[in-house]
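I am attaching a structure below and will ask some questions about it afterwards.
Chain naming follows the written order as A, B, C and D, and within any one chain the residues start at number 1.
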Amino acid sequence: MVRIAVAGASGYAGGEILRLLLAHPEVEIGTLTAGGNAGSRLGEHQPHLLPLADRVLAESTAEELAGHDVVFLALPHGRSAEIAAQLPADTVVIDCGADHRLADAAAWERWYGGEYAGNWPYGLPELPGAREKLRGATRIAVPGCYPTIASLALAPALAAGLVETEVVVTAVSGTSGAGKTPKPHLLGAEVMGALSAYGVGGVHRHTPEMVQNLSAAAGRPVSVSFTPVLAPLPRGILATCSARTTASAAEVQDAYAKAYADEPFVHVLPEGVWPTTAATLGANTALLQVTVDPDAGRMIAVGAIDNLTKGTAGAAVQCMNLAVGLPETTGLPVTGVAP
Amino acid sequence: MVRIAVAGASGYAGGEILRLLLAHPEVEIGTLTAGGNAGSRLGEHQPHLLPLADRVLAESTAEELAGHDVVFLALPHGRSAEIAAQLPADTVVIDCGADHRLADAAAWERWYGGEYAGNWPYGLPELPGAREKLRGATRIAVPGCYPTIASLALAPALAAGLVETEVVVTAVSGTSGAGKTPKPHLLGAEVMGALSAYGVGGVHRHTPEMVQNLSAAAGRPVSVSFTPVLAPLPRGILATCSARTTASAAEVQDAYAKAYADEPFVHVLPEGVWPTTAATLGANTALLQVTVDPDAGRMIAVGAIDNLTKGTAGAAVQCMNLAVGLPETTGLPVTGVAP
Amino acid sequence: MVRIAVAGASGYAGGEILRLLLAHPEVEIGTLTAGGNAGSRLGEHQPHLLPLADRVLAESTAEELAGHDVVFLALPHGRSAEIAAQLPADTVVIDCGADHRLADAAAWERWYGGEYAGNWPYGLPELPGAREKLRGATRIAVPGCYPTIASLALAPALAAGLVETEVVVTAVSGTSGAGKTPKPHLLGAEVMGALSAYGVGGVHRHTPEMVQNLSAAAGRPVSVSFTPVLAPLPRGILATCSARTTASAAEVQDAYAKAYADEPFVHVLPEGVWPTTAATLGANTALLQVTVDPDAGRMIAVGAIDNLTKGTAGAAVQCMNLAVGLPETTGLPVTGVAP
Amino acid sequence: MVRIAVAGASGYAGGEILRLLLAHPEVEIGTLTAGGNAGSRLGEHQPHLLPLADRVLAESTAEELAGHDVVFLALPHGRSAEIAAQLPADTVVIDCGADHRLADAAAWERWYGGEYAGNWPYGLPELPGAREKLRGATRIAVPGCYPTIASLALAPALAAGLVETEVVVTAVSGTSGAGKTPKPHLLGAEVMGALSAYGVGGVHRHTPEMVQNLSAAAGRPVSVSFTPVLAPLPRGILATCSARTTASAAEVQDAYAKAYADEPFVHVLPEGVWPTTAATLGANTALLQVTVDPDAGRMIAVGAIDNLTKGTAGAAVQCMNLAVGLPETTGLPVTGVAP
């Protein structure tokens, strides 16, 4: 059994990690920690995690987290680096925050401020070359939710040289992506019935992560125009991604079919079927479809994930499986909860 | 008093026209008609229209609709032309369907099939040159909901030559835009919790309407890559629109401020404030904001409307006001119902 | 023109009062105040109130509120009494809070704590004897949202002696009723997809207000078992109310038809049609239906309102109309925004 | 391995059975059938069931369903009896419809019409005496969703003689309970933002099932006043149930704690914590809390389930486990998907 700890267990990412691990056959759930909620019962914050309801949350310190095989860090940005540095080198540390995602120190400092903490193996195994670095790794950076689906949706076309390198991404997201800290604009009465754009004009922090992934896939610099939109649902991201192309629909569909033929969690849908986030709820699944608009001269790729599962916690568990040598799909649901 | 009739009164567009006209001080509501619902009481279909609950729906024929100053047609595409042809030339006929929106007969036949019915003055008064053609008009084509907000969001930049002519539009919509005919994928259990793209790859019928409007604004051909997304709310469209630019944010913001300075229903928001559909619910209001992403070299314009109000019925009443010589804003709400 | 001020203009009740008053033909909107939001622009908090977007919020003090014909207080419970005491006796003060709703000082102190501030005319004109006390009144207590619909739904049967005096009320509400102060359990991600009971077992503060109203209607003590339920929509309350009866459905329906025959805002629906909150969105309308279950020996009355309109702000404006001598329906919408 | 077939695989109940069985370690999924959708791929109707996407649906006939260890019937009411009669006596037939739920032939004919098909062991193992009849059974009637939660919420108090026998149940439900057949009032645009009562006055068909279960628990006739309410969420039922009592809160809480102490799927929450449907999404879990309102003299019990899981498909799988001799909890999730 793999003994695990979760830091940030009272938040959305931490809760989803625990939901998945409760169904994981090879895991034993150890210490759970929190920030302001330390000292309280998990059941107060995560009423759905019934088997863990009476667990008392410890403080999020390296001392509390030590002594586990795997430590999941589901902490606010900028909080992971310090704790990780104090954990033993042979403990598998899986960071769901942004601290170790970017390879470019200058980019990190421009977008996040503060001191750059370094770059860890990037936890999107479906990207070219990524899976090998994750096998047996002891430090893993889980991708952001938007970069996960944008990268999956665009990488095959860029890698195959089928599209130009200026891409446009509009991604619509449920509100759990904004976290559990209460703010007026995230109140239910505000978000139900509302669609709103935010972080417009290239200022969202997930932009450089997309640039990094897509440039690597293309083998040359890619520019990303990214607009996130908030929509009234708890979970789910639907990304519409496009780029100029002279290829045919059949050519791009063929490239996607080949790129993901052996992937257990990425499904290129049958021709004419377009992704819906509803089919991914609670599953570690990405759904993709792609076509070409010959009038506009653009390829359009659409991808759907659950931002908390494949977009965060499912990816984290998938990475854990790779890190500790379990089959990659262990304990991870493929079928969403629908309707 | 202007005496009006509404064909298609049991549908969403017809219901919204009646909701607005019930609050309009210069209108008397005459005959209401329907297709399959003819013979039933309006209250069975529109429980919110209490003052008209006992009205019995007549058949949607020219005979029933004759004898009014203004006839609103809220009928399925392809049904308006025949009825309109039988109404007197001096009756103001306002078509909420697509039959008379396109100036290009070949485009109409490509996208809608069947015989082209001709082109009427286009009911988006805020487009350059449009208002003049609507004053005193007796035949008016109300725009589609997506073309309304995409055109308002992109026309000023194209007219000022600030952006290139290949534009990308991703527009997220509430489900009332899909109409009231029951289909499995529109069931509440299906759409709540779901984001899904449809009509991807330039195949949505609103695409040629955007091309027409934006090409006119630019004074040269514009290509439009349009992706509609369905989201779980009854009403509202949020459009994110972008195009390559070398202009600065200040330049484009200035162009939008000037373009809409005197428009009562189009609001360019203060710098840093981005539109939300929630603020437009039930109002004939379009909210806009625009910026430039210098890294990506693109202008991004975001617009929000209520698809049933400014996107359909509000535009229809605004056009009626122009057609019959009333002040353009008569009876039209500017403030949305929020939260 | 009636010159008005609103204290608490950045909250939900204050915002709805302003939305209604912007469409009121006899009102001039004066000072707007807030607590923690004083000093900021209204547009930051109420993006839908476009005509007032640039108004700067003053402090909620009697000095700022003085000099108006009517002052609306939309403040947290316990804050109204002090301000009201400092306003001139001939200023019409309309309190949307709970400070002046209960006639029984002991009940007030039991349920709200603190010092009893006294009892003002109760702003539910449709209750027997209420309207007369509101005409020309200078101090008015607007009812709570749940008591509004529970009282309307049960008073006729109790007044006619058709039911026993132990009543059961389960009322489902949208989340705007919980206010705009951000709390974790009110986050969009929490409330969407969730139904939850709260204040169960007679501990909700609206219980004594129902007891007061229904006992007055019955002419003898009534007990109320009240359970509120939170549901995923911004606005709307649906109350299901029942009591033992030996009367027939026809008898109770007749009593309701008579009780509300002349009421402009209370609609007893045609037989077999049951209320939906959707038809009341943004309207000052209450929808009612009633029947008898002979197997269970109970009358069931169901009522629907918009908690922010007829449940709060619409009632406040209706009361203002009565207080200042305007026609009671002036400026108040009857048709909801649907779908 | 238990070889199973599902009739009605394209509907909501059938889809949920398959979702659960895909995660069940002892099951092999055989024939899938449908009515009007026979001949099409399952993936067209259930996009979340990715591993079964290419399965072609057979006709719902006894011939197609024969040859399996267990047959799940998820068919419209009145369709199960005929098919079941043609299946071998040693095949386990689990009927999710209403055909075999009522022991009283006259009640069945009053509420459902047509010919009474007989009474099968009732699939709510947590009711007194129920589990024994399900072990090794070859015919099982799965309860209705509302009776499931109302029975769980009221049986302990009635069995212990702590409350009077006239009970009042108001149960709020998500819209998947209404099924997948498209009807105008179930459209997303209609149900989002709407709360509506239906089947009011004791006319809902689940009423006699509650009467049957609760009378059995009480050991004497119980009357049930049942009002169902539709709310805007896909899944979930929250039932508020009450009855007159002279007992104390501690007495009733103690009775519930004892009644469900050993039940793996029924959780009586800690004092002061009230159920939310969000915690049960996709789980075979019922959450309960109970208190007494001494002013009103009533006990109030509140229960939450997912109508498609513990309310239908989860119960069906739980019954299958009992019927075929597997541990009762095999393959059934306890933790919901939240937020």
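Definition applied: a residue touches a chain if its C-beta (ideal position, glycine included) is under 8 Å from a C-beta of that chain, and two chains touch if they have at least 3 such contacts.
Protein identities per chain, from UniProt: A, B, C, D = N-acetyl-gamma-glutamyl-phosphate reductase.
None of these values were measured; they are calculated from a predicted model.
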Chain located farthest away, centre of subunit B as origin (C-alpha): D
Whole-Å gap separating subunit B and subunit C, where each centre is the average of the chain's CA atoms: 35
Approximate Å spacing (C-alpha centroids) for the pair subunit B, subunit D: 44
For subunit C, residues that touch 2 or more chains besides their own: 12, 174, 176, 180, 187, 189-190, 192-193, 232-235, 276, 278, 281, 339
Overall pattern in which the protein chains touch one another (line/ring/star/complete/other): complete
Residue ranges of subunit B touching subunit D (in the complex, touch as defined): 12, 174-176, 178, 180, 182-184, 186-193, 232-235
Touching residues on subunit A, where the partner in the complex is subunit B: 166, 168, 170, 172, 174, 187, 189-190, 192-198, 200-202, 207, 223-227, 229, 231-238, 240, 242, 244, 249, 274-278, 281, 289, 291-298, 300, 302, 304, 339
Complex contact set, residues of subunit D against subunit A: 12, 15, 19, 22-23, 43, 46-51, 53, 176, 192-193, 234-235, 267, 270, 273, 276, 278-283, 285, 287, 333-339
